[in-house]
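Each structure below appears as structure tokens.
What follows is chain A paired twice: with chain B in the first complex and chain C in the second.
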Partner chain A sequence: MTSHNLQVRNLRVYYHTPRGAVKAVDDVSFNLKAGERFGLVGESGSGKTTLVMALLRMIKPPGQIESGQVWLDGQDVMALSEEEMRQLRLAGIALVAQGSMNSLNPVTRIKRQLIDGMKDHAFASTEGTAHERHGRNDKGGKMSRRALDAHARDLLTRVGLEPQVAAMYPHELSGGMKQRVCIAMAISLRPKLIIADEPTSALDVVVQMQVMETLRRVQEEVGAAVILVGHDMGLMAQFVERVGVMYAGKLVEVSPVRDIFRRPLHPYAQLLIDSVPSLEEKDDLEGIPGLPPSLLERPSGCLFHPRCPHATAACAAQEQALQEVQPNRWVACHLVESIHKNF
Partner chain B sequence: MSALLEVQHITKIFGGGLFSRSRTVALENFSLAIDSEPPSITAVVGESGSGKTTLARILLGLETPTEGQVLYQGKNLRALSDAEWHTFRRDVQVIFQDPFEVYNPFYKVDHVLTTPIAKFGLAKSRQERQALIEEVLHAVGLRPENTLGRRPHQLSGGQRQRIMVARALLLRPRLIVADEPVSMIDASLRATVLGNLRQLNEEFGISVLYITHDLTTAYQISENIIVMYAGSVAEAGDVDLVVQRPQHPYTQLLIGSVPQPDPDRRWNIEAMAASSALPTRENTCCKFVKRCPHAMPKCAESAPPLFQTDQHRLAACYLHEESPSISAEDMVSVFVGRGDNARA
Partner chain C sequence: MWAAGYLLKRVAFFFLIVWTAATVNFFLPRLSGQDPIRERMIKQVQSGRAWGKGIEEMVEVYNVKFGLDKPLWQQYLTYLGDVSRFDLGHSIAFYPKSVKEILRQALLWTIGLLTTTTLLAFVFGTLFGSLVAWTRAPLWLRSLAPPIMTLAAIPYYLLGLILLFVFAFELRWFPGHGGYRIGTIPNLSWSFVLEAVEHAILPALSILLSSLGFWAIAMRGMMVTVEGEDYMTLAEAKGIKNRRLFFDYGLRNAILPQITSLALAMGYVFSGALLVEVVFGFPGIGTVLFNSIKGVDYPVIQGIVLTIILTLATTTLILDLTLPMLDPRIRRRA
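Let's look at the complex of A and B:
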């Protein structure tokens, strides 16, 4: 168990509305190894962003973390005080949010913005090769201004930008460059986990490839695990090692990326993969039939059964929990064995 | 016979006024003719800043080109009479990128369907209006009972965008300009909206100009494709040829960057190093020269014309200069559908 860098156990996040509780994340459990790249996919409203925000304890009312545990490197995240949690953000868990490039302050130079977080977290270091030594406590005293500047320039070089970018304002940079600045910020304190929530959804394909490859490179250098949130199965195939498929607030399949693309076990994962248009052959252009359920009026039994092409009476009656059906392959479906005969 | 909608040698420059030092050439000497017979689907593909949205806005009459003209049935868009303008507004419909912004949250979604009916006097009675609305909703695969009477926020992005397709269909236009219609909706819902566009083309004989940054969806629905780079055409022609065997280095870079849903087929990382430079916006050289892995001295000296490398394909690249060159306004003559008709 200790080999896992992040452990999430029975996490539940509900939004309390006048019409009842919306179960945006319902009993989700998964583990991440140190340095692992994990993809979280699902349609809009499946709860993937709520899930990662809960890891950062950034759920705002009417949302509330109902129950569950999150452990990061043996530290119980849910038990931390507000101040300890504030220190853990960026230093322990960093976020590259959707469209975070638009979150840069337009009237402040890039350098200031990179340094801000480091200063706030009392980024400490002894003299010399400043940026190679990292501690999050105050023991070594705060870094000198010069060392912080050097560190900022070093961070920019790491994400493939010119050090001169430090002196620029956000409007002087392209979207891809801004997104790389955000990645530089995310790795500035060598976090153990980087959460990337649709980091490239606003970028062109060529720039997307550059940004994702940059993220992969720095993540490997820093040794951080990554959770990539998105709905682009193509991007998942290119970037992550393991995929978790979310549907209506629940994980319905968690499998290594090659396995899930070769043979998805959950019918929903199958449909998601089939709905990716191909560059090789012209498809029928069919999406997934039906709509995701309203989280206020959830169907009985398996939440996917009204849209599932294989659904039986048993599916409407009872829900199947996520279980390991093959080594490292977890799926929540009654029909795994009947659909996949040669199991 | 003149084309339904045509742009001739248009150039659009933003900025560059008397006191401004910066000017951006968004579109340069671009020509395109769109016929309504036979109905076709043409894709315009390019990254941010390639001029594709400027082209859409000029075609719709929302923007005036700096040079060149827009012709609707052979007549300059600026010289149309009120009556002709009215027909133009009916013949040419648009579907915008953002299915959230186009709805007024205070109205029910019915509003976007009843307004054009009233504006163009399509129905004489309430029943007739209802029948029309139900017909177009069915055509795009929506159930009227689950759609009408709702507020925009009660519907998904995909549903809202399908209502926009239904609205366009209501007017039985001859051309739909769809500017990134699926880029803001879930991947799993994209196929349905694209399927609707293809259906409009096949069943109702409506031509579609599909503007996108996404090569994959362009490949899926169009017959011909125009790959734009920094305001100029890089490659154009039969979509199968362009996507399966791209000849312009820019098209090759684009296709290599598409994330394939297959973990064993990695995207083309080698192309990355060369690809970070910004496009050159001078018209005295190839705009791709700084990013091109095959750049030759010639490429920096003059802009390449369109070379016809196949019966149905053009590439603006000196790597193909042994092929005959063709002038920009004749681009569509190599398109699939048009050339075939001419011979028949």
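Let's look at the complex of A and C:
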């Protein structure tokens, strides 16, 4: 149980609308090892962002975490008080947000934004919270102003920025620089988990690679696990070790990234990977037929069966839970064995 | 670097505004094609206060006295010279009192009443509006929103009448008229200040209550917008304290348009809260404007208009100089 850094068990997040509950995250379970890079892919609206925001317990009404457990290094995240949860953010779980263009406060200098998060974690309000063992410098207690300044400059250098950036305002930085600043913030207290929610969606491919390289480097230095959310399969292939495929609020496959590219087991994962354009083969680009289901009126049985090329009567009748069909490969599909004959 | 050029540009702009406004102020009455002195003389004859004989001669004498016989461009230059010395001429209704003297007396009352109420309404309205929009604010505070918003919908003079009726006539807690007791001579003693404050409470309250809601509504809208920004999400994910989230991230960004509104509101302080002053018989500039319009006292009207323009231009200048400090993004464009 303790070999895993993050454990998510049966997590459910619903949005309560006048027309009924939207099951944005439905019964999701997965584990992360310390320092592991995990990718979360799926179409828009499949619940990726909701899932990671639930890990930070930042779901806003009408959304609500219905049930489930999240353990970070043996600490029950769902059982924490609001104040303890606040302390856990950044110190235990840090976010590199989507849309880097607007993630920084436009009216204050970078230094101040780098420091304020650390300042508000400087006092240990409760004993034994995760940040106590990490974070801060070795002396413990409150960091002096000078130490904070030095730390801010050090952080900027570590993400490949000039220390002078500290004195600048966000509008004076390029998109890539802003995202580096966000990465610097994320590692400021040496968290155990970094959530990167489409961190490069607003950047061009060259800058994208540089930013991802930076993220990988500092993540390894800090020893944090990473959840990378996105739909860029190419980026996933280069960055993560394992991939979780989400469909309509459920994880349908969790596999090592090499395996899933070589032979995806779930039909949806198969179609997703087939839709990635290839440099070698000149083919018509293939999409996935149909549209993702409305999360209000969900199909019976397996949620993917109306779009699935292999669907049988059993698929429409009953849902298959995520199960380990091969070592380290988890799939939620009735037909794994019949589709993949040479199992 | 940016500062010197920017400063120069703004100050030049200030003088341009004042000059344009003063020019319009000069030509607009003259466009009406009326002959003020002849018309006044004729009026006097009609009311039997002067003889019909020799009117033409008198008109000529007065025209020379007021410089109206000179060509327009010469009149204009004289006028500009007078304006730059803030010499606004004499009141017709209270001749030979100078317009400057009348304005000085009235402005003191108006500034005292309106600066205080505008600033108080701004501070509390802004704070209140941002708290109403703040989802983490206590429920009792957020439930205060409807009544204050309703107050904003009531015109302040109507609110003034209600306050006047309840607190001055029915309960007799506060005096209902004037800026001080009849018979008191304005001076700088404590007892007079207390007396003035006592008289100012009801007019101040009516302005305060109605403008509080105005500031609150505007601020609430801005705060709701800011709360949806990406930097708010990231700030929360950084685990910073609620207080810092509210002030450094929320309020600090949402307040920027409010500062602009404040500068404009401060500019209008000098125009007086006309209706409230009339309702309460307050000796401020609103009452003076009201009376001079009734009495066709052109010099006074022009003087007041010029003062309003001057203060608006001044507050705009101050705004232009302070806003870049509050919002670094403006510096780049400037």
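Just a few scattered comments:
By definition in this document, the second predicted complex is superposed on the first by the 323 of 343 C-alpha atoms of A that agree within 3 Å, B and C clash if a C-alpha of one lies under 4 Å from a C-alpha of the other, contacts with A are read in each partner's own complex, and residues count from 1 in each chain.
Following the convention adopted for this analysis, a residue touches a chain if its C-beta (ideal position, glycine included) is under 8 Å from a C-beta of that chain, and two chains touch if they have at least 3 such contacts.
It should be emphasised that the depicted structure is a prediction, and the values quoted were computed from it without experimental measurement.
Three-chain overlay on chain A, with chain B and chain C fitting side by side and no clash.
Between the C-alpha centres of chain B and chain C, as viewed from that of chain A, the superposed structures give an angle of 70°, to the nearest 10. When both complexes are overlaid on chain A, the residue A:L56 reaches chain C alone and has no touch with chain B.
Of the two partner chains, neither chain B nor chain C is touched by A:H340. Legend: residue contacts after superposition of the two complexes on their common chain; A:G175 is shown touching chain B, with no touch to chain C. In the superposed model, A:L88 lies in contact with chain C only, and not with chain B.
Legend: residue contacts after superposition of the two complexes on their common chain; A:D204 is shown touching chain B, with no touch to chain C. Contacts of A:R217 after superposition on the shared chain: neither chain B nor chain C is touched. Contacts of A:N105 after superposition on the shared chain: chain C is touched, whereas chain B is not. Using the contact criterion defined above for the overlaid structures, shared-chain residue A:D116 touches chain C, although it does not reach chain B.
In the superposition on chain A, the chain among chain B and chain C reaching more residues of chain A is B. Contacts of A:I273 after superposition on the shared chain: chain B is touched, whereas chain C is not. When the two structures are aligned on their common chain, the gap between the nearest CA atoms of chain B and chain C comes to 9 Å.
On the side of chain A, the complex with chain C involves touching residues 56, 58, 60, 86-91, 94-95, 97-99, 101-108, 116-117, 119-121, 169, 171-172, 182, 185.
Within the complex formed with chain B, the residues of chain A that make contact are 43-44, 160, 174-175, 204-210, 213, 231-239, 257-258, 261, 271-273, 275-279, 282-288, 291-292.
Residue ranges of chain B in contact with chain A, taken from their complex: 47-48, 156-159, 186-192, 194-195, 198, 213-217, 219-221, 243, 253-255, 257-264, 266-269, 271-272, 275-276, 278. The part of chain C that touches chain A in the complex is made up of residues 135, 229-231, 233-241, 244, 248-249, 252-253, 256, 326-329, 332.
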